[in-house]
Amino acid sequence: EDVEVLHWWTAGGEAAALNVLKEDLASKDIGWRDMPVAGGGGEAAMTALRARVTAGDPPTAVQMLGFDILDWANQGDVLADLSEAATAENWDAVIPAAIQKFAKPNGTWIAAPVNVHSTNWVWANKAVLDELGIAQPTTWDEFIAALQKVKDSGKVALAHGGQPWQEATIFDSAVLASGGPEFYQKSMIDLDPEALNSPEMVAAFDKMEQLRGFVDDNFSGRDWNLASAMVINGEAAFQIMGDWAKGEFLRADKVPGTDFLCFRVPGTEGVVTFNSDEFVMFKQNDDAAKAAQIEMAKAAESPEFQSAFNIVKGSVPARTDVSDEGFDDCGKQAMKDLKAASEAGTLLGSMGHGHANPAAVKNAMYDVITAHFNGEYDSATAAEELLNAVEGAQ
Amino acid sequence: MSGGAQDQAIRTGRVTRTFIYVVLIFFALFYLLPFFIMLINSIKPLPEITGGNMMALPTDPTIEPWKSAWSTAQIGVEATGLKPYFMNSILMVVPAVAISTILGALNGYILTKWRFRGDNLIFGLLLFSCFIPFQIVLIPMAMVLGKIGLAGSLTGLILVHVVYGIGFGTLYFRNYYAAFPTELVRAAMMDGAGFFRIFWRIMLPVSGPIAVVCIIWQFTNIWNDFLFGVSFGGLDAQPVTVALNNLVQSSTGVREYNVHFAAAILAALPTLLVYIVAGRYFVRGLMAGSVKG
Amino acid sequence: MARSDRAPQDMRTTLQNWLPKLVLSPSLAAMMVFVYGFIIYTIYLSFTNSKMLPSNEIIGLENYTRLFGLSAWTTALINLAIFASLYIVICIAIGLLLAIFLDQKIRGEGVLRPIYLYPMALSFIVTGTAWKWLLDPGIGLENTMHLWGWESFKFGWIKDRNYAIYTLVIAAVWQSSGFVMAMFLAGLRGIDNEMLKAAQIDGASNWNLYRRIVIPLLRPAFLSAFVILAHLAIKSYDLVIALTGGGPGRATELPATFMYSYTFTRNQMGVGAASAVIMLMGVAAVMVPYIYAEVKESR
Amino acid sequence: MPFLDIDNVTKSYGNVEVLHRVDIGVEEGEFLVLVGPSGCGKSTLLNMIAGLENITGGTISIKDRVVNDVHPSKRNIAMVFQSYALYPNMTVGQNITFGMEMHGIPKPEREQKLAEVAKLLQIEQLLARKPGQLSGGQRQRVAMGRALVRDPDVFLFDEPLSNLDAKLRVDMRTEIKKLHQRLKSTIVYVTHDQIEALTLSTRIAVMNKGYVQQLGTPKEVYDTPANMFVASFMGSPSMNLLPATLREANGGLAAELTGAEGQQIMLNLSQNGPNLRSYLGKPVILGIRPEAITDADGVDRNAKNTQALRNMVHVTEPAGSDTFVETSLSGKACIARMRADVDVHAGQPFDFVVNMDKAVVFDPETEDRIVD
Amino acid sequence: MPFLDIDNVTKSYGNVEVLHRVDIGVEEGEFLVLVGPSGCGKSTLLNMIAGLENITGGTISIKDRVVNDVHPSKRNIAMVFQSYALYPNMTVGQNITFGMEMHGIPKPEREQKLAEVAKLLQIEQLLARKPGQLSGGQRQRVAMGRALVRDPDVFLFDEPLSNLDAKLRVDMRTEIKKLHQRLKSTIVYVTHDQIEALTLSTRIAVMNKGYVQQLGTPKEVYDTPANMFVASFMGSPSMNLLPATLREANGGLAAELTGAEGQQIMLNLSQNGPNLRSYLGKPVILGIRPEAITDADGVDRNAKNTQALRNMVHVTEPAGSDTFVETSLSGKACIARMRADVDVHAGQPFDFVVNMDKAVVFDPETEDRIVD
């Protein structure tokens, strides 16, 4: 029996990591039918998925993120029930509750979480910081001062790509830095109108404005990895980006701690905004396919795969009981943070990556954030518009 | 069009001619520029690209990117390069172009030579279908394909392309056949030939020029299609554009621009070839049919 | 006159009368289902509360109200107006210019023509990256000019909210103007040579010859070019995705990208369908008169 | 019943009637020419015989079989089209045998027939060529060959010569005539060239605006045209139609005309029947053919009623074999045909001689010929 | 030097020479017709005069000015094209005034000229129409109007009538003739219709394969053709060219021919010069025009040298005004033109009368006429 897997992990490292899973399944006589659809953070893949589901021919497993999963879960009877695998492997215990919110939305396991990315990281070029005598900042103001210092030196302070999702990534941190996790929960996840148009939100937008001042003129449309490259090359000092950026540094033979630094965005320590890739399982009709699907879920959730995959991918395992052996320093740090945040209840879904609110709301927020970042609104207006947009999209 | 047969009706002075050549060459450079960039960067090693001038000629040319793009680049889980997807595209394009062209020819033949009440309305309806934005048909099309059991199959994909190719095919052939003497059809009828025999023996053999236009048009459209391929291609029928997209749009990791460019050129090679080889019949075919000058 | 011996219609005659309709019917049926059926379905969807997948809950005109309340949609419409008018006008101008020049018995026409035409063969999936590079001030034309010593050269439109839409025009013109050229060239080659001779005998300079005689005679080619370009402009999608992704901000959003994103990435299929219906109405406004004329002419 | 019977046939496009109750019978072996100005319905009628157009009213029968609803390919008719309609993608040989192939005639028989016809038409050496490589006259012969191999009941020709240049047209005309004389086939032939009509036909149907104006032998049509339309349509240059007044003169009848300088001219008529007499004193139209107006030397020696007439010459047109002279009578241009050498000059008066044997008279109101 | 001088002009396309050293002088007010079969180079020559084709060798001058390198718009020439080349996007009025507009003539003057010309050509009521709404004859007049308003040094016409039907062609021919007589303009006129050539021209240049075969008045060309090509090209039906042997007879010369049944026929020639005598006993070609072979009653009463001749009739073609009779002489078909009423029947012998006054004799080798 085969499993059909729709995903957008087509880059070399990711695909190699997936191969681990593929081979694991092969050893159980389960074939892997690959359906990669790259582009736009899975947008194209979601379109293709919709076509396949509408046609009544869904794939076995689909790489999916955040609220897309919930949307599908609410579409009625299209997803599979993975309870068998979950019980066997005791997923309830080892997977953080915040992630279960997506993988087990209505009390049944429908998805196998593969990894957890955290998005509130700063990546910094150590050589540049050393040269300018900048220490790792620990508060927002220190961060701003450091950025200013870099800017004064003539280098680009903050490497950034002008794409809505990248701006939203920064915005996650800005909200956290200005209001803390409760405010984040209220505004981004609960979508409380008062929180959305509040002084804290205005402050968050002010922070965005501050950051905007440290970005070079040529940022619009730039891909995130090019921004990373600027940090790697020493053209720029900092980048705020999810942990996938680490891969770029590693691939350029940079060593964490010596060549580059990774630290939480100042002002967001103790909080982890995450996004989690999961294999959502679609309901299969015949028993053999169902069995293969369960096997795949088990394999995806096995510590071996979780470890192997996430070492390559730069993220951390979705289950908290995996050994950190083999992970680099940043990875080890991330695993620790995750566990701590999960226990403290500060593991929060990233708005920028669709783990805080539904796609419609997310995109509506994108619109406002991007418009503000590009100077269309001042902060007060932006906060108002944010409320309007969210209400409009609901 | 060889210039020789047609005498030059308009005389131009030497200065004007020089100016004309300058303008023509300027535009040729403009049209070539993107392709030039793709080409030279596809034979540079990666560091030379990231570190150098986009327009500089390669100092250390290599064909590695091409090899990689063709056979070893990572498309999904497998590092197959574009090679297998090429076959998919060909398997899709050839029947889709053939069927839609033949249907277009038959429709054009009927709408000009076997006229009946309401034929113009039908032609109008067919023509309008050329202009429907494809995004809106995705969901209903998926439903229909699922219902008829062709979802995710090559056959289904071919069906989709044929359906949306009929409109232009009919337009081209109808305009061409409109100028074709009806007396020939009548003569064949008097000779005792029926509907199909007139088509095969009389109409089709003289449809060369317009068939070229139609085939070029359908070929490029179908070959370049991404949306239908990704939505309806399923697992085994993913065309090369989807593979190219997977290669170029991969979300993380080092961007191997040289490989991307090589892959892009490879993916475009068949259409380029079609334009260059058949291009000279294109204007002639347009003259014969679709544009009434 | 014995009328009784009037022969009944024989089999073959009957068959021959029905065959054309029979052969046409699959195409027609396909059209009815796959085009008009789908259009009706889309119209239906635009009145429903469809989100991620189609739903049957009718909510009246709400989607339309919402659509026109969205500033992004307004932006998309304005962008389309700017983009389409520039794109059509420039394509036609360049196409006509090149066609006229190429028609002067140019040596090397056989080489130039495919060069002008080839962009039509390439989709923006293929050329998108190259275009992005070219237009990017950091690595593209601007940078190259700087490297070549022209320090004051500035070409950063793609990064500028107010100008990005024009970079789309440049790339779109690059793709289609060669095809327009071919259409005009075909038109030019179809003009009776004697007419051109007559005008010269009448004393017309080359300029007047083109202005007064040739260009008016190319009317049908203008019309065909306009229709093809107009519908390409309305359907433009790949271009935007490949070049700007709709940015900076939403400065280059077009109705087609808007429709796609609402239907497929924002899970608001109802609003997406409503925007599709508006787009279809736009297409129809351009196409129906043309189709009517096309059909009328053959009578 | 005639071999080919066109009985009360009407044709309408939408609600425009383009043929009105046409009634023509064609006997076996006859050569019927349909002639008339452009748009008068000739092709339409031919197409209806061939089955290429529906018949709105009336019946057409061939060999006593009503063919109204018979498919063209079943009518055993062969047609030669104005543009020849040769299949451009086939060789001459294939063009000719295509019809036989369609009728399932075996190859050896086809070959043999082809050889025969090719010999008859002298196109043996052209059989392997494509139509594009043939001259107009050769194409015409191939088109004819295609019809001939079929051995049909009726041949239909739709202006087969109108695409040829004048010289070739004359040659081909003679060939068609010879062919008909040899094969004795039944032919319906459309033309708008009156010379072709007169030389080829055994009978002519002159049509105008969807009506048959006259049906008769060439001689009948030429000498006793049914009305002014037929009179002016047949013959080149066409019959002079001169306003006149009918007078009594010398015991007979005479037409009174006005010369170029206003002088009164009386031309005695050969007719003197009661019908004509009833027009006495009234305006009539006198029809005289150009060849009936000559000089004294050129006049037909067998003519019984010739009359002299002095009038001013306006234009002279020497045309090699003849000289055409334009004068004016009763305010209308009047053409005379003279010998080539005649001594006539524009701007001078000249002594014309008119042969009144074949002069005809028309009623100016109905435009019909006044039958004596 | 002539008004329009074509001096030793050659034209080559690539290395194919299509016009060979053409030498024609046209005086002011002359009406020169270029005539010849298709592809002989008529249009090419005309286009060279107009400046629409380059001149490979030789010079063309108008009014003593060499125009080889003068742009067409600067030659002060007007041209009427075969297809009329009316601008379909302009009204009739705009078509006619376009040339004046291009020459910067002010509007009131244009209007006035337009009115004049429109009146002359009787197209006043058509001025607001587009060419697409005109009949063939009307288009022809508009094309002519366009040329007329220009008041050019030379008018060029390239087969302006060949698109018209026979009847209209005759009418338009007369109009062109009248126009020339009134305006006294210099005209070069291309046609391949010999009737047009003969009736319109003051001089004719007969061309074949890029050579001028004969240049002369219509009468010269018709009566004393320079060679067999000219003889057979001019006149319709064309001159009978019969193989004969030159004999001495009755003190003069005679041509010996063979009748249809092999009987010997002697026709006395009017010529008796030394040139011709040198052919005694040798084969020659005897040229007799169809209108010179008639019946006893039809023969020209002014003819001096008429001879009877009994021969078998093959085909008769009554053509209204005349009857054409085909017989055979010396194994060649020979056409005779008779009166309409002549009593002649195919398959029976007939007493022909031949008018030998205008018979001509050709050398069978060189095909040139043997000048007496």
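Side notes on the structure shown:
Letters A, B, C, D and E mark the chains in the order given here, with residues in each chain numbered from 1 onward.
In this section, a residue touches a chain if its C-beta (ideal position, glycine included) is under 8 Å from a C-beta of that chain, and two chains touch if they have at least 3 such contacts.
Chains and their UniProt names: B = Carbohydrate ABC transporter permease; C = Sugar ABC transporter permease; D, E = sn-glycerol-3-phosphate ABC transporter ATP-binding protein UgpC.
None of these values were measured; they are calculated from a predicted model.
With contact taken as defined at the outset, subunit B and subunit E are each touched by C, D.
Summarising the inter-chain layout, the chain whose CA centre lies farthest from the centre of subunit E is A. Put simply, the chain farthest from subunit D by mean CA position is A.
With centres set at the average Cα position, the gap from subunit C to subunit E is 56 Å.
If you average the CA atoms of subunit A and of subunit D, the two centres end up 92 Å from each other.
The distance from the centre of subunit A to the centre of subunit B, each centre being the mean of the chain's C-alpha atoms, comes to 39 Å.
In subunit E, the residues that touch at least two other chains are 52, 71-72. Across the assembly, subunit A contributes 40, 47, 50, 54 as residues in contact with two or more other chains.
The set of subunit C residues touching two or more other chains comprises 12, 16, 53-54, 197, 200, 217, 264. Per the touch definition, subunit C reaches subunit B in the complex via residues 12, 15-16, 19-21, 23-24, 26-28, 30-39, 41-42, 45, 53-54, 94, 97-98, 101-102, 104-106, 109-110, 112-123, 125-131, 133-134, 139-140, 143-144, 147, 174, 178, 182-183, 185-191, 193, 196-197, 200, 206, 209, 217-218, 220-221, 224, 231, 234-235, 237-238, 256, 259-260, 263-264, 269, 273, 276, 279-280, 283-284, 287-288, 291-292, 294-295, 298-299.
Residues of subunit C touching subunit A in their complex: 51-54, 66, 69-70, 72, 132, 136-138, 156, 158-161, 164, 241, 244-245, 247-251, 261, 264-268. Taken together, the subunit B residues at the contact with subunit C in this complex read 1, 3, 6-12, 16-17, 20-21, 23-24, 27-28, 30-35, 37-38, 53-55, 103, 106-107, 110-112, 114, 116, 120-141, 144, 162-164, 166-167, 170, 178, 194-196, 220, 224, 226, 241, 244-245, 248, 257, 260-261, 264-265, 267-268, 271-272, 274-276, 279-280, 282-284, 286-287, 290-293.
Residues of subunit A touching subunit C in their complex: 40, 43, 46-47, 50, 53-54, 71-72, 75, 162-164, 217-221, 358-360, 363, 367, 370-371, 373-374, 376, 392-393.
Residues of subunit D that touch subunit C in their complex: 1, 5, 7, 59, 64-71, 73-74.
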